[in-house]
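The following pair of complexes shares a single chain, chain A, combined with chain B in the former and chain C in the latter.
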Partner chain A sequence: MLSYPTVRASLLFLAIAVAGLFVADIAITTANPWRDLGQFFIGVATPNFFSTEGLLTALLRTVAFGFVGVALGSFFGFLLALVYRFLPVRIFCAFIRAIHELFWALIFLQFFGFHPLTGVLAIAIPYAGIFAKVYSEILEESDPEPSRLLPPGTSAVAAFLYARIPDCWVQIRTYTAYRLECGLRSSAILGFVGLPTLGFYLESSFSQGMYSDAGAMLILFYVLIATMPIWVRPKLLPAYLLAAPFFLGEGFPIVWGNVQRFFTEDIVPFPIRNGEGLTGLSSWLGDLMITEALPGIWNTIVLTQIALVATGLLSLLAFPLISKHFGGPVRRTSGHVLLVIARSTPEYILAYILLQLWGPSMLPAVVALALHNGGIIGHLIGRQTNTIELRPDAPTGFTRYSWELVPRVYRSFLAFLFYRWEIIMRETAILGILGIYTLGFYVDSAIQNIQFDRAMILILITASLNIGVDVLGRTIRRKLALQTMPTC
Partner chain B sequence: MSGFAFNDLSASFGDKRVIGPLSLEVHPGERVALVGKSGAGKSTLIKLLYERLTQDASLVPQGLGLVNALPVFHNVFMGQLDKHPLWYNTLTLIRPFRKDRNTVARLLNELGIPEKQWVPAASLSGGQRQRVAIARALYRNAPILLADEPISALDGPMAHLVMKALTDQFSTSVVALHDVDMALAYCNRIVGIQNGQIALDQPVSELQAADIMALY
Partner chain C sequence: MITRQIRKWLISGVLALVATSTVNAQTFVFTAIPDEDETRLVERFRGIADYLSEQLEVDVRYIPVKSYAAAVSAFRNNQVQLAWFGGLSGVQARALVPGSEALAQGVEDQAFYNYFIAHKSTGLERADKLPEGVRGKTFTFGSKGSTSGRLIPEYHIRDQFKEPPESVFSRVGFSGNHTRTLRLVESGTYQVGALNYKVWDKELEDGNINTDDVKVIWKTPGFPNYQWTIRGDVDDRFGEGFKNKVRQALLNLDDPALLESFPREGFIPASNDDYEPIRSVASELGIID
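Moving on, here comes the complex of A and B:
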């Protein structure tokens, strides 16, 4: 067994995660965690759809921010995809997508305030970076033969329109629709930093212990996501796109003085603003590194590694739930419902809920990340096992699982897992806003203390960390010869 | 120019020489059939000729090179993308002009697939796809035709119809054919390829089917 590189890599990551468990803070600190959890489930089971009139507005705003953000992101992402072969463009895109939507929102909040532009840009910017990468990959894979056959002298644009775009149109459309779903999730969690989307109302009803209201919101959100194939139709899309900007709400007007101050004063490192020169700057940077950046990086990495392995274990446990090789239709349907709920709840919301119930530690974050990501990978792998035809006399039960199925899907399982490594790290960093000591915690505290210079540097460090993990993940996937399509 | 003369035509895959070095001269009015075993290098030779002729050749490659997502009309129209300004091509993508619709319809009619004009190429049968690629070459209307097994997926009468349409439009052509009788019927010069070299080069008038069979 140990001679397989995939097995060796898995065991190495498992060992790192186990070591991480020893240094991580994974306690449950609330007095009555299980009673709170029970009350929450009772709340979800007895949803109250009529308590706040704000609920429908929040739902509408969530959809509007999602649509406008994803539309702008896909438009600019497409333009960037056309020039993606240039290294500076690739670096730029890697950079803007390494910064999480919530960090972008925190940045824009400082100078645009609660203007709709804040929410729209927070989604559009990182999404443009992701769209650029995936669109360029799709375009690259189109059949080159038709372009070669065009009469010489055909303009590049005409060649592109006739011989490239039609060939990858379906893939581009499928991926964009899929990202729209991700966009709705991103839009929902923007509420946690104060924008008028679902997260805002979820947080306020939670903090007042109104679990039935929170349950109603979650159920509406699932229904919204699950019914997307019904209400997102190609013919209706132009109407949605035209209407969406009008449903973003008024917000507060932009104070342009704030914008100017932000760029010319707030984010300029304090010692330079104070005229302390390079010596002041280096001691300021040293202090920032030791007191905030390094602890943040350490906690982010530890939590990421634990969550990554937990995600892997959970997906391996979850995929039989929807695999046709086990059990009957009843169990498979309930398995599907379970995985849909796990993957359509944004990990931020899961972490928020668990954190309220169990108190601040790494445990709620690990469970939230594992549930969400494990739900996604479990779904993808389960679907893949349904394309496998087993011989009629194949073993059943656990032997079927361990001898017939896991060996066949293990490589793609690892591919998805390493693909999501960077995503898990991005989320881990952001969960700090909820009070876990990852990088997001230090970013958030710096912003609370109106030290935007520190916040910006910490965000840059977070972005570099994400880019580093992305590169590492890609190297490992290449070394192990694992291939995958993007997931969000 | 509608004939050509090329020296030093050669191509290799890695270390292995697949064709040449060889010279080929084709005069205006010559319709050359390339014959020979599969793997002899006919397709490679056609590709080499296209690389040199570019502007002057209509090509029907073996892989056809259709854009599967586009309707038949647009696949054929692609043969003249260089003749129109960008706005015209873009508009045509959305809503073709009547003049072009009629021209393409006439071509498809001639090739026996008039009802397929607005069907995506992906949903056509092998023989229909081949005729779309041929329609594109006809519509392109270059002085020389280069075709690689253009009738391999067509049955008897349809194969004759297509070969007749091609010979009517192109007075000069180089066509790879595995069907020796078709080669003798529609071409006036036979070039036999064996191991990447020209093993036979005769006017049809001086050849029997048996002479060609020696190549296989």
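Moving on, here comes the complex of A and C:
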């Protein structure tokens, strides 16, 4: 078995994660974690839909921010995809998507404040970077044959519209619809930093232990996501898109002087603002690196590696839940429900809930990341096994699982996992805002101390780390000859 | 034809977006640091908004925010003109907004103090100084930007142990606000915590604390804390003498229910210089540049 490169890679990552467990802080620190968890489930079982007058408005805002953000992101992403072959464009896109929506929101909050633009841009900018990459991959893979058959003199635009787009239209549409779902999740969590979406009320109810109120919000959110195929119809889309900007809420007027101040003063490193020159800057940077950046990077990497392997293990355990090769329709339906809940709850919300219940350590973060990402990969792999036809005399039970199915899906499983590596790291960094000592913790501290120069440097470090992992993930996928379609 | 229609819609959509965002230009908006349970804050400050609106004869609106920094940023960006800040957030805000002034503070804010509290499992008892026994325990601050939840406790920890909190305690966390610090230490999630005495006293009075599980182990010396701070440019925007009207309205506030919601005995005049001790401690700890 060791002669397979995929097995060797898996064992290497497993070993790193196990080593990580020895240095990671994975304690449960609450005195009564199970009682709290029980109270939470009782809350979900007895939802109170009438707690906040603003609940429906928050739901509406969540949808509005999601639609406007994703629409703008997809529009600009498409334009960028057309010029994606130029290296500067690729670097630019990699950079804007390496910064998490919440970090973008925290940045815009400093100069746009509570204006709808803050939330819209926080979604649109990183999404444009992702759309650009995926659209360009889709366009690249379209069949070149039709354009060769066009008569000479056909304009480039016509050739593009009539020979390229039709071939990949379905893929573009499917992917965009899928990102819309991601957009709703992103929109919901923006509430955690103060925008008027669902997360705003979820955070309030949770931090006050009002689990029935929080339960109601979670249920509404699942219903919203699960019913998307019903209410998101191609024919209705233009109407939604036109209406969405009107439902973003009023916010407060933008003061343009604030924007200028942010870029010309706030983010200029303190020693330079203070006229201390390069010597001042280097000692300031050195201090920042040693006291904040390095511990943050270390914790981010440790947590990412543990969460990555936990995600992998959970996906392998979860996919039989929806596979037609195991169990009857009842088991599969409940499996579907479980996986839908796991993957439609944003990691941030899962981690927030678990942190409240178990206390601050890396454990809630690992479990949250594994549940959400394992839910997604488990779903994709499970669906893939449904296309596999086994011989009528194929073994059953555990032998079927381990000798028939896992080997057949293992390569695509690894492909998905390495694809999500960068996404897991992006989330790991952001979970620091919740009090785990990853890079996000230090970014949040800098912002809380109104030291935006420090915050910006730490965000740039986070972005570089994500880009590094993205490149590494792609290299490994290429080395192992793994192919995949993107997920979010 | 259709494209023209769509273009018209789009343009009106954009215009509406712009229009709705400037409609509230003459509303006097204030915020407060989120130092306690949000339900309680919203209740308290809606009452204040009604009171100020009546006294000042302008629309007054309170907006809740999610962090101390968000309150400071909203004040700095002129999206709110008045704020109920803690000692530290007030110092930060006034440094960022030239011309802004501390208007009024609670009677109790002249000499505010903190409690260090401990879970029963630690066996720690109340003492005249921070007990040596807290070493090696788990500890939670309140919010990162809080005066009584972060700045003052950290100052005293460093002063007594000559070490940063991370080396004194086995685990250091930030609960988010005072109410949560109380709940987390009461439930044993953290063994020791530091919080604002007002929150402790009020919860105790309301019967919300199980004193078998959690007790006060040390009371800090006094320091200046909460205050109302207003931007310097409000007179330009709301008319000559507006700032004084706001100050008078706050000083005259005598509705017992409103005062009880803070809880403060009443408000007295304050000045920027009153908060110099806070500024120098924050600067010493590197929290402000």
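Rule of thumb we're sticking to: the second predicted complex is superposed on the first by the 488 of 488 C-alpha atoms of A that agree within 3 Å, B and C clash if a C-alpha of one lies under 4 Å from a C-alpha of the other, contacts with A are read in each partner's own complex, and residues count from 1 in each chain.
Basically, contacts are C-beta pairs under 8 Å (C-beta built on N, C-alpha and C of every residue); 3 or more make two chains touch, one makes a residue touch a chain.
Values in this document were obtained by computation on a predicted structure and should not be read as measured data.
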Simultaneous placement of chain C and chain B on chain A, clash or fit: fit
Which superposed partner A:Leu150 touches (first chain B, second chain C, both, neither): first
Apex chain A: angle to the C-alpha centres of chain B and chain C, given in degrees as a multiple of 10: 150
First, second, both or neither for A:Pro295, with chain B first and chain C second: neither
Partner chain in contact with A:Trp169 - chain B first, chain C second, else both or neither: first
Chain C versus chain B, contacts on chain A by residue: C
Touching partner for A:Pro269 - first (chain B), second (chain C), both, neither: neither
Which of chain B and chain C A:Leu161 touches, first, second, both or neither: first
Touched partner set for A:Gly327, first chain B, second chain C, both or neither: neither
Superposition-derived minimum Cα distance between chain C and chain B (Å): 12
Contact footprint of chain A on chain B as seen in their complex: 54-55, 59, 61, 63, 65-70, 74, 78-83, 86, 89-90, 93, 136, 140, 142
Residue ranges of chain C in contact with chain A within the complex: 9-10, 13-14, 16-17, 20-25, 29, 37-39, 63, 65-70, 72-74, 76-79, 92, 96, 119, 138, 143-145, 171, 173-174, 176-177, 179-180, 183-184, 187-190, 287-289
Footprint of chain C on chain A - complex, ascending: 25, 29-32, 109-111, 113-116, 192-194, 200, 203-204, 207-209, 242, 245-246, 248, 250-255, 258, 270, 274, 359-360, 435, 444-445, 447-451
Sites on chain A touched by chain B in the complex: 143, 145-146, 148-155, 157-159, 161-163, 166-167, 169-170
